[in-house]
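So, here come the structures, one by one.
Look at the two complexes coming up: chain A is in both, with chain B in one and chain C in the other.
After this line comes the complex of A and B, so read on.
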């Protein structure tokens, strides 16, 4: 894949030279960031529709925050602090599976369980982070929490491609079963679908995507990119197909605009913040559209 | 630092006082948060508080005094959305608070002399506690005490809202009161435990007390006992271990929660 990235970067640089692309495109990190935005936008947008339908907002927020701890563990284990992927994926997957297991196997309400797991992971993560950043650069914290496009490189892009592949395979093989388990679990059970298994699969998918997007959007805000585009799409969609399509489009636009605008106008704003602000504007527009267009108000 | 030296230090006495006040109020509200499934609201309000703090830093004002109106307004807005709109509450909380957090980080980065101050608020800092923080904590404690007369009405509505409403308890109005009180509490606890962990303060004492309690009265009393003892214990532990206070307190509470779960299972 590195050759493809190289090709795209060269193409963008020549475009910037000849003037039909903005001059920021000559920088490799800009192209890298935009490429990753193009990949995570549609993915998070599509998966986000199910996050909204399953009411997993708090759950996915907890996974995003767990990435803080994953990074801390990685730095302690001696991985490079810009790419502690092994610890990051391992910790977040374990965390998500354990949390879902506890949700299914105790009588305590789901949101209390999530709150407790969130607290444990953050308490460990905060202690470790403060401990390791005393030795490394404090600005590592900024990068992890709020996202930084400056550090995106070929390895990150390759991981994103890998996640895309996994999501596509799981999605295509399982699409109908997953959809039915999300929107009508009772009917799914009658049809012989193992809903609980589908649940685990879906949670695994969110975790992989969340962790892969932490670099761009930041651990604190990655949940919002699952949530806001889907909520906006729900306001203006008339059926399931347009719900998913709009959500993908809004998420992708948010990523691209959020990455480009601060660069273009030289604003000292982290990419995560800008991306979420763009998504929030889209959400506001969708609210206005829903109020203004009668046909949308009657739709589900 | 040996324990006795730690106790005689002025900042430590201040921290213990602030910690005690804040944890009293937090563990009083915790059973309501657990029983009414408001954990996500607590977490969301903490994120909103970050937006308020950052606004204060940006404007050059004392951050706690911008955070207070900002967070209370966010809490009231969320309750209004829940009562008056078809928007799913889980999604609404997620959106509003991601927005507050994003705004907060933009404020911080636009501040010309942006210092590491923000991290004091994110992770809490005992050294940074001033007299005004103690007064704020005392104020929230007084507010909590003033709300105690509503305890039975809130407990009733926590278990059976429809019956409570039929009994002429204005449960909807009480929701606003509870949410505003939680917001004030969160802002007051920021310096002690930090924004990242403050919502745990509202969940863990109640979650630990619930498996052990059969009635709401014991539920509340146990929560108060667990919340205050873990806070004092955590503060005393954190000084000699040279660890940040917030995480140590939360880990103590997690330990008690795990013990409570085991004890409840053993009783069965």
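After this line comes the complex of A and C, so read on.
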């Protein structure tokens, strides 16, 4: 895929030289950033609709926060602090599986279990970060928490392409099964769906997506990009097709505008923060539209 | 540890005209933790009949249905002798769909009945069956409404509709009339009668004993154990029902 990235960077640079693209497009890091936004936007937007339908917003938030601990573990284990992917993936997957197991095998309510796991993860992360900050520049942690899209490189893009492929295959094949399992597990089983398997599959999917997005949106804010575009889309959509489409569009617009505006106007805002602020504006617009357009209001 | 035995036989009974299967339960017991939910329940459902399952609240009727569906670790034997038409349609009591979720009736049926992601639209092969089903159940004008917007009765009709696509051999209904008004209930009853006439086997958890007397070919009463099973006209006397419903 590196050749494709190189080709796109060269094409954007020639566009910037000839004046039909903004001058910032001559920089490779800008093209990398936009490419990652174009990939991650629709992906998170589409999966976000399932997070909202399955009421797993809090669960995805816990996984996002666990990424912080995963990074700390990675740095302590000697991985490069800019790409501690092995520890990040391993810790988040173990954390998500343990949390889902506890959710399924106790009678405690789901939000209580997730809250407990979130607190445990943050406590471990906060403790480990004390050791980590003795080894690295503390500002590196800002990029982990809030994203640093300008440092996205070919490796990060390749991981995103890989995640896109996995998400497309798993998501398209299992979309109906995952949702029906949520709406009525007994009915889903009659339809031949392995409900528990679908549950774990979805958890794994959002964990992998979350981890793959950490560098772009940041550990603290990644779940917001799963949630806010889908929540905004829900306000204005009338059926499942428009729900998924609007969510993808809003997430993609949020990513592109959140990346380009700070660059264009030289704003000292982290990419994650800018992306989520754009998504939040879209959410507010969706609320206004819903209040103003009778057809949308009456749909509820 | 519970021993679960479940058998399915492919060959229809010799000379059987019905499309639906025969169902046979032998000494089915179900324990959840230290609580005995069902104890040595045995009865038989004949193919192509309407068989009602009655009992007081908490008697284990839904658990029995889920045991028949193979979703509970039980002891004993559940045997299904399939007829010409295979497949089980299940009508649950409710679905857990958030009120504001943009999920239309059409989306829900697509979600339940096809492999292609529902947001890509309903599969062509389902459309005629879907339209016919919605028409028959009085939902034809509401196919683009959100599920969360439906009344309780309309949701029940929708759940009934999904169970009939594709047309199953065995239809299992878990109190589908609980939220329905009189008109809606009559619609479902009429449809169930029509389906039974086509040879479908129907197992129906029911609370209205008058209707059971009118509609059912056979009735089984459970209250943790089997209380009686057979002809409703003979068995549904007030004294017998009172005795069966007693703790």
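Definition applied: the second predicted complex is superposed on the first by the 293 of 300 C-alpha atoms of A that agree within 3 Å, B and C clash if a C-alpha of one lies under 4 Å from a C-alpha of the other, contacts with A are read in each partner's own complex, and residues count from 1 in each chain.
Please note the rule applied: a residue touches a chain if its C-beta (ideal position, glycine included) is under 8 Å from a C-beta of that chain, and two chains touch if they have at least 3 such contacts.
For clarity, every value in this text was computed on a predicted model and none was experimentally measured.
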Fit or clash between chain C and chain B when superposed on chain A: fit
Chain A residues touched by each partner, larger count belonging to chain B or chain C: B
Vertex chain A angle, Cα centres of chain C and chain B, expressed to the nearest 10 degrees: 90
Partner chain(s) touched by A:19 [first = chain B, second = chain C, both, neither]: neither
Which superposed partner A:237 touches (first chain B, second chain C, both, neither): second
Which of chain B and chain C A:55 touches, first, second, both or neither: both
Contacts of A:270 with chain B and chain C, given as first, second, both or neither: first
After superposition on chain A, the shortest CA separation from chain B to chain C (Å): 7
Common interface positions of chain A, toward chain B and toward chain C: 52, 55
Residue ranges of chain A in contact with chain B within the complex: 52, 55, 57-58, 61, 65, 106, 108-109, 111-112, 114-116, 118-120, 122-124, 126-127, 130-131, 138, 141, 146, 220-221, 223-224, 227-228, 231, 267-270, 272-274, 276-277, 280, 283
Interface residues, chain C side, partner chain A - complex: 66, 69-71, 88-90, 92, 94-104, 106-108, 110-112, 114-121, 144, 146, 148-149, 159, 162
Chain B to chain A touching residues, read off their complex: 34, 37-40, 42-43, 47, 87-88, 90-91, 93-95, 98-99, 101-103, 105-106, 109-110, 116, 119, 123, 194, 196-197, 199-200, 203-204, 206-207, 210-211, 243-244, 246-248, 250-251, 253-254, 257, 261
Residues of chain A that touch chain C when the two form their complex: 49, 52-53, 55, 171-173, 175-176, 179-180, 182-184, 186-187, 189-191, 233-234, 237-245, 299-300
